[in-house]
Structures are given as structure tokens and as C-alpha cells.
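Pasting the structures in now, so scroll down.
Both complexes below contain chain A, partnered by chain B and then by chain C.
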Partner chain A sequence: MDIALQLLFTGIGIGAVYALVALGFVLIFRATNVVNFAQGEFSMVAAFLMVVCAVDLELPYWLSFLIALGGMALLGMIFNLGVYYPLRHRSFLPVIISTIGASIFLANATLALYGPQPQVLPGWFETPGIQVGPVYLDSQYLLIIAVTIVLVAFQYWFFEHTLIGKKLQATSQDKEMASLLGIPVARMIMITFIYSALIGGIAGILVAPVLFVSIQMGSSIALKAFAATIIGGFGDVAGAIIGGLALGIIETFGAAYISVPYKDGFAFLVLVLFLIFRPQGIFGERVAEKA
Partner chain B sequence: MTITRRGFSAALGAGIAMPAVWRSASAQGATIKIGMVLPVTGPAADSGRYALIGAKLAIEQVNKAGGILGKQIELITEDDQTTNPGAVLAFSKLASQSDIVAFLGSIRSTQNHAMAPDILKTAKPVMFGGTDPALTHMGNQWLFRCRPNDSYSGRVLADFGMKTLGKKNWAIVHSTDAFGTAGGKALSEAITKGGGTIAIDQGYANQSQDFTPVVLAVKQSGADILGSYFTFENDLGIFARQLRQLGVNIPYVGSPSIVNVVATKLAGPALYNTYGVADYAEESSDASKAFGKAYRDVAKAAPDNQASWTYDAITILAKAMNSAKTTEPKAVRDAILAIKGHPGAEGEYNFDQNGDGLHGYNVVKNEKGNIVFDKHIEFTD
Partner chain C sequence: MTLLAIKDLIVRYGEIEAVHGLTLDVDEGQVVTLLGSNGAGKSTTLRAISGLIAPAAGDILFDGKSIAAHSPEAVVRMGISHVPEGRRVFPGLSVRENIMLGASNRSGGAGVLGREADEMFELFPDIRPFRDALGWTLSGGQQQMVAVARGLMAKPRLLLLDEPSLGLAPVIVQAVFRIISEIRRRGTTVLLVEQNARMGLSVADYGYVLESGRLALGGKPDELWGNEAIRAAYLGGGQAAARV
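Moving on to the complex of A and B:
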């Protein structure tokens, strides 16, 4: 039982990371109907910005965090203008390829600027964790879970109770109609890119003290987060959260009770099962086409 | 000046022939070209940088001492992207250049396995750093190892754990790639042979984000000592931290990655007081000390095996070609195998007929982040 509790905590912690990155996938998908394959690189770039500010320049942690978020907002803006906007009238395929290209560019640009050596980023707290009965709670995982809950609550309030949130929703549901109603569609999409770059960045900064800061950190998380969005139901915010958490818990328990080397296999086995038996995901609705 | 028909024809002929003559002259070579496959991108890109510094350091010293057969060495590099397909592609790009006389392969066994069929076809010497014993025992006569293989590391780990630390009941954690599987097997065999027991033998896939299930399995197993074979420093760093967080404090002895510069930096205090087998230990010999000093001057960082094996590979190739007085592959192969008592950064090279140059390991300890030499254990069988 003690072991199961420990595994459950770790599974939720790692699942929350997948969920945060998956949120970024979902937001951009809803606004533009394309998958942003550079979402993982947003996490990596933010983590490196934190290393530059907090470790190399020895700035206060909170200030480094704000600078990193500022950098991510700028990156989201540039990403929209350089990667999505020029191709916005094309089909989804060129845009997806464009995001893959951007992902490779971001990884290699960071490699060229910072070098290949993995970096250590200290966590927010001095204490690495606390022992509660038989379970060790890693302080960074506790923070990740807390931030995920806050962000989900914020997102709900933002989209359901603010005018700009409703405009964003309208844009994601039908761009033409939104435009006819006077909603500045291009600006809404710009805000979506900035917001998802921020969320990806927060995920990267939070996970960096656990997984270290490396060029590959984004891609390895993004792959699982992508699977989480499919399991949850592509385009659904609640689905991304549930999918991420489910994936984290399944792979942790699968590794502990069935096989460690096949840990990644469990995550993708679940993905394949969903694609076969419930392709719309947990929360997705079946889309039927008229003959 | 008038141009005659004969003069025009001669000039045209010379113009057409010149590129071929130039190519031929280049092929004969003003330099001796050595190809090197190394990770410039991917998870091991950092170790690739160290490997390159080691190779360049040796080239500078060999060139200063007269080079190979009176010519300067030129290094041609290709990125293996830290993947097996990347390594195969990188090697075939290098192998297509006929004027490259020898190669440096990978420090990763799995990549050397991937390249091995092409190495056999190319039929030129390839120095490598991977430690899977099978690489020099599978009939590929062009592979020459510049690090001790894992049959030795397994024996040294088991010997040190059981005789020096007095622990018999082992937990083994290893990567499931070629290096980790072979290392785990070698350690397991050595423990059993030495009278110890295996409480748990746990493999894991590279680039894992979480090791909680592995750590809990080790904790539950009741083992009184832990031995490990980790391929990537990131994995080792995460594992070591979780090991301490979840209260596993049994003695820990690990394969060379446990004492490399990146791993000790990433894991920090989580690896303090652990032991490792290290093919390179700065204090182990005069040649190791000399390499360490030269490396520190250039790299401004502590030396480790990522750079020492490439340094040795170049000096051994230079020695073999100079002693064979040719770059002809068969003669170079014979000259490498004839090398005995060569003082390298990694240790004293005595090549056997399989292509293994080293036959022992150093045991070192992580004392608050400093890697301290303990002893060297050499095998003759």
C-alpha cells in the first residue's frame, strides 16, 4: 500500500507535467486547427532562459521567472508571425511541417547558443521534499501539481468569465463568423500563441529542477503530452488534463508492477487502444460527416 | 600573342586533365586523414565535445613531433546525432572518402554494433571506446578497443564490493541498450562466481523521466549493495537523486559513467561517497597525469574518459602507422596488435589478438564531488 501511494504521487506529478504541455497543444489546436510540434521546445527554451538568468547571471529566482515568461511571450508572438501567420490560408499540413521545422530550429539554435551540456536549475524551495508517513513528497512535484490546479482554474475563469476569453472561444469555434461579428481574429490567434508559449514555458521551468535542463527535455515530454491530448480528446481542455494525469499514473504503475523497460510502451499502448476503440478520446465528440 | 591550333589543344587538354591530376595529388595526400564519428547533436552531444578535444590534443602533439610518416594528421568529423542510424550514416559518409586511412568510432557500444557491418566492408582500422565485450569477439578484425571492456569492469565492481566493502547481496540496475545489458550480465556473472547473490536485476529504458519504480524495487529487494550500468548522465542524475530521496543509502558502486564530469555535476550530493570503476583516473599513472594537465590547459575542465580514449586512439594509430611505415590497413592492423607496454592516458596498452588494448580498471571514489583514485586492478586472464 505504501508503495502504491508513493507511485500514485509520482504518477500524478509526472502526469501534471504532461498535462501542462498538453494544454498548450490543445489551445493552439482549438484556435488554428493545427498541432504545434514545437510546443515541447517552448518548455526547453524557457528552462534555458531560467538557467541564463538564475544561474549564470545570478538574478533573483522570481525575477528570472518573470524575465523567462517575458521571453516566452515574445517567442509566442514571433512564432505566430513567422511560423503560422504566413501559412494561415493553407491547409493544415504545411503549417504542421512549419511547426516541425521551427521545433528543429529552436533545438539547434539553443544548442548553438548554449552548448550541449545539460544544466542544473535549482528548485523554488530550499527543502527538496517532505516525508508524510510512508510517502516522500518531492517539493517540486508538489509545486507542479499545485500550479496545474491553479492554471486549470485560471483557464476556466479566463475562457468562461472574461470577454477576451469568450472572443478567443468564438475564434476557435468559427473564425469566419467571429470575424463577421467584429472579433479581431488575427489578434486572438496571436494571444493564443502567446498564452500557449507561456504555459509551455511554465511547464519547462517547473520540470527543469527534476529532469535537468537539456536540449532534448522538450521533445521527450512533448511526445507524451501529445499522446495525452489524443487520449483526453483532441481540442478538449479537461481532456488534456485527465489524459496527462492518466498517462503519468498508467506508465508509473505499469513500470512498477509489470515491466520497467516497457514503461514508455504502456503509455503508447494506451494511445493505440484509444485510437482503435475511441479515437475521439475520453471527452471528444464523434464527428460524423454527411454522405 | 597568337594562339596556334596546337597550343590551344595543349591548353585545353591540360585544362581538362588538371582537376584529375589535382585530385590524384590530393588523394596521395599532403596530410594523413583520420575520420571520427562523434555526437555533435542529441543527448550525448556534450560528451562528443570532450571526445573531440581529446582527439585534437593528441593530433597537436603528434603533429608537433613530426606527424605520421612525415605528414600532418587531419581530422575529418561527422555527427552521429547520438543515434544508431545517425552513426551508420556518419560512418558511411566518412568511409566513402578513400583517402581516410583509419577511423575513430563511438564510445557507445550500441552505435559500434550498428556500424560494425560497414566497418567490416570498409576494411580499415577503427578505434572505439564502447565497452561491450562482444564487439571484439564477433569476428570483426578491424575493431580496436581503447578502453577496458565490461568483462573487466564487472569483475572489478564485484571484486571491490565483495572483498573491500564486504557486501554480498546485490541489486543491479542497468540500461537495456547493448552497453547496459552486457555490463549488467558481466557484473551478475562475476558476483555469482565470487559467491555473492543477486537480490534484483533491473533493466530500464534510456531517457526515462522517472525512476521511482526502479528505486522502490531496489529498496524492497533487501540488497545490501547496489551496482549500476547507466548509459546517459541525465538518467543517472535523476536516478541518484530519487535513490536518496526515497531513503536508499546502501553502498553504491557503478560503471564509469558514475564518475564522469557531467554526471557528478548533475547528481551533486546524491552521488557523494559512491564508488566507480574508471578507465581514466588522473592520478593512476604519469601518462594519465600528463594528459590531465594538457587537457585542463585546453578545456578548462576536469578530464574524464570521454576525452582520454580518443586521445589514446590517435596516439596509438600514429604509433602503429609509424612503426608499420605505411598506412596500408593490414600492416596497420598488425602493428596495432603488436603494441605492448604503450603508456596511454587510460593505462598501459597491451593489445591482445581480439583487439582489446586494456585489461584492468581503476576504482575511484566520489568525495564531495572530487573523484579520488583508490586502486588499480589488472587482469591477465
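Moving on to the complex of A and C:
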């Protein structure tokens, strides 16, 4: 039982990272009807920015974090202008290929600039963790969970209780109608990309001390997050969060009780089961369109 | 006074020319109805006015200034609000939020716009009980009310209405046209596109008939309606109209 609680804590921690990256997928998908296959690379680039600032340049951790966030906002902006905007009137396929191209470019540009060795990013806190009863709470996992809760709460408030949030929702539901009302559609999509790059980046920075910072970290996180969005119901915000957490918990328990080498396999086994038996996901088809 | 003037308008979708040299005027304070069969170019004309499609040639003057090839965002800021065919209510937003967003062409905080949206329910009492319902849960008639209310939130000088009666039960169609009359009474100019000629002309000060992307004729409603040949050729005939 104690071990189960411990595993649950770790699973929620890693699941929170998947949830954040999944949120990035969902927001861009809702705004542009396209899956951004470079979403994982946002996490990888942000983690490398942290390594450059906090480890190589030995800047304070909080300053490195702010610089990395600034870099991610800029990357989101450039990504929108370079990868999405020129293709916005085309079908979804050219845009998807464009995001795959961007993902390969970002991974290889990082490889060219930084080399293939995995890097280590220290955690935010000096204290490694605290013992609460039978469970040892690792400080980095606590931070991940806390930041995820704050971000999800912020996002809920932003989308549901601000006028600009409503305009973002309107844009994602019907771009042409939004433009007829005077909503600046191009600016709304720009905001979506910047926001998605930021939450992807935050996820990468949070998970970096738990994993190694490597070129491949982006694609492995993105695959899990992508699975999480499908399990949750594609395009659904709550589904992305639930799907991410569920996946983190399942893979942690699977690794502990069944097999460590097959850890990644459990996530995809769940994905395959969902695709066969409930392809619309947990929250799929909640909003149907009436003629 | 002429509020909207369309001069020799040509609109193409790729190779296909949908409007070939259309010229017409809309006077301030009037309801002007564009009639015509499917594919006559009525919706395309409205889409060109609101900036959804750039004209290939010709000009569109609003209040004397050219708005041809302006972006939709710029056109609605100048005071032209387009309620498109199919209503296009945002499915995942509530009725009240849909209506509030109609004011996106002007400044105003959520508080002010929320109050204005609440006032809008006085003109549309039928949808007041559904103010917090999501757009997709509404019936076609309710969606049409929301779409018109949202269009009015822009405080337009010119309201473009595309097929507001499409797919609605007769009693709902009557309600929609009562609202159009009320909008006119409050001083907003309306350019209405309709296939339902009888209803379309019943509220109009002037009517135009489009045929294959060209202006076939124009006149006052009773002139158009009184002409047997015109009625048979362009307005679906007396029998079809009598069923409405």
C-alpha cells in the first residue's frame, strides 16, 4: 500500500508533464485544426535553454527560467510566422508536414549547436524532498504538480472568464465567422502558438531534472502526450489533463509491478486499446455540431 | 442617400466567375432585398462586401469610401455587419457569449458588453431563457435569432442578412421577419438575401433580382410582385409563393 502511494505520487508527477504537453497539442489543434508535431521539441529546446543559462553561464535559476520563457515566446512567434502562417489557407496536410519539418529542424539544430551528449539540469530546490508518512515526496515532482495545477487553473480562468479567452475560443471554433465579427484572427492564432510554446517549454524545464536533457527527450514526451490527447478525446482540454495523468500513473505502476523495460509499452498499449474500443476518447464528442 | 454602392463588381472563385459586372445601390435607412435562385451570386455579393472574398474587378463604396478588398475585420469596424448563411453560431460558446462577441469590432470591457448583450434580449425574448445554453444545443430558429442579435451587437450602419429564413418553420420565419422590420424601424439599413421572395419583399423598400451573376431587374416590391411575367420567371411563380 505504501509503495502504491509512492508510485501514485510519481505517476501523477510524470503525468502532469504529459498533461502540459498535451494541452499544447490541444490548444494548437483547436485553433488551427492541425496537430503540431513539433510540440515536443518546444520542451526539448526550453530544457536546453535552461542548461545553457543555468549550467553553462551559471546564471541564477530564476533568471535562467525567465530567459528560457522569453526564448520560448519568441520561438512560438517565429514558429507561427514561419511554419503555420504561410500555409494557413491550405489543407491540414501541408501544415502537418511543415510542423514535422520544423520538429526535425529544431532537433538537428540543437544537435549541431550542442552535440549529442545528454546534459544534466539540477532541480530548482536544494532540498531533494520531504517524507510525509510513508511517502517520500520528491521536491521536483512536487514542483511539477504545483505548477501544473496553477497553469491549468490559470488557463481555465483565461479561457472561460476573459473576453480575449472567449475570442480565442471563437477563433478556434469558426475562424471565418470570428473575422466577420472583427476578431483579429491572425493575432489570436499568434497568441495560441506563443502560449503553447510556453506551456510546452515549462513542461520541458520541469521534467529536465528528472530525465536527462537530450535531443530525443522532445519526441519521447510528445509521443506520450499525443497518446494522452487521444485517450482524453482529441481537442478536449479536460481530456488532455485526465489523459496525461492517467498515462503517467499507468506507466509508473506498469514499470513497478510488471516490467521496467516495457515501461513505454504500457502507454502505447493503453493507446491501442482506446483506439480499438473508444476511439473518440474519454471526453470525445461532448460538443457535437447540429445542422 | 446612397449608403452602399456596388459598381461593375466581378467576383471569381478560381476559374469560375460567380458575379459578372453587378451594379446596385442601397439607400440609407432602407431594407433592400436581393432575390434570385441558387447560384445567382447573392451570397457571393455579400461575401465580397464583407471582405471574405476579394473582388476581381469593380468597386464597392460604403458611405462614399471604397471598401473593396478590405479585410473582414476592417469592414466590420467601418460599420457593416454580416450575418452569414447557416447562422454560424459558435457551437462551444453560450448564447450570451456569442452575442457579446458580436461587439468585437469596437472596444468595451466584458462588463459593458455583457450588459449590452442582456439588453439585446429585449429584441429577442425567445432566446432569453437560453442565455447560458451552448450554441450547438439550440434549434435552427434560436440559432438564427442569436446570429442576428450577434450581428446587431456590432452597432452596424448596414446589416447584411444571408438567407435568414433558410430551413426554418413558417412561424419562426414570421418572427425573424418581424425582427427585420423592427431593425429597420430603429434606423439600421439592411441588405437582405432571400430565396423566399414573398417574405423577402414583404419587408423591403426596394428589391433586386439576380440571375446568373447579373442584375436582371430592380424595382419597388409591388412593382416586382405585380408583374406577372417577372413573378413567373424570377420569383418562383405565384403558386410556389402562395404556399408560403
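Keep in mind that, in the parts below, the second predicted complex is superposed on the first by the 285 of 291 C-alpha atoms of A that agree within 3 Å, B and C clash if a C-alpha of one lies under 4 Å from a C-alpha of the other, contacts with A are read in each partner's own complex, and residues count from 1 in each chain.
Simple rule for what comes next: a contact is a pair of C-beta atoms (placed from the backbone, for glycine too) under 8 Å apart; a residue touches a chain by one contact, two chains touch by 3 or more.
What you are looking at is a predicted structure, and each value in this text was computed from that prediction instead of being measured.
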Kindly classify A:Ser179 by the partners it touches after superposition: chain B alone (first), chain C alone (second), both, or neither? second
Have a look at where A:Ser214 lands relative to chain B and chain C in the superposition and call it first, second, both or neither. first
For A:Val147, is the partner it touches chain B (first), chain C (second), both, or none of the two (neither)? neither
First, second, both or neither for A:Gln169, with chain B first and chain C second: second
The chain contacting more residues of chain A, comparing chain B with chain C, is B
May I ask you to decide whether A:Thr10 touches chain B, chain C, both, or neither, giving the answer as first, second, both or neither? first
A:Tyr136 in the overlay: touching chain B, chain C, both, or neither? Say first, second, both or neither. first
I'd like to check the shared interface: which positions of chain A are touched by both chain B and chain C across the two complexes? none
In the complex of these two chains, what residues of chain C are touching chain A? 50, 52, 71-73, 76-77, 81-82, 84, 88, 90-93, 97, 100-102, 104-106, 109-110, 113, 134, 136-138, 140, 150, 154
Going by the contact rule at the top, pick out the chain A residues touching chain B in the complex. 3, 6-7, 10, 14, 108, 111, 115-118, 120, 128-129, 136, 138, 210-212, 214-216, 220-221, 252, 255-256, 260-264
Could you please specify the touching residues of chain B with respect to chain A in the complex? 40-43, 45-46, 48-49, 176, 202-205, 207-210, 212-214, 216-217, 220, 233-234, 237-238, 245-247, 262, 265-266, 268
Within the complex, which stretch of chain A touches chain C? 162-163, 166-167, 169-170, 173-174, 176-185, 287-291
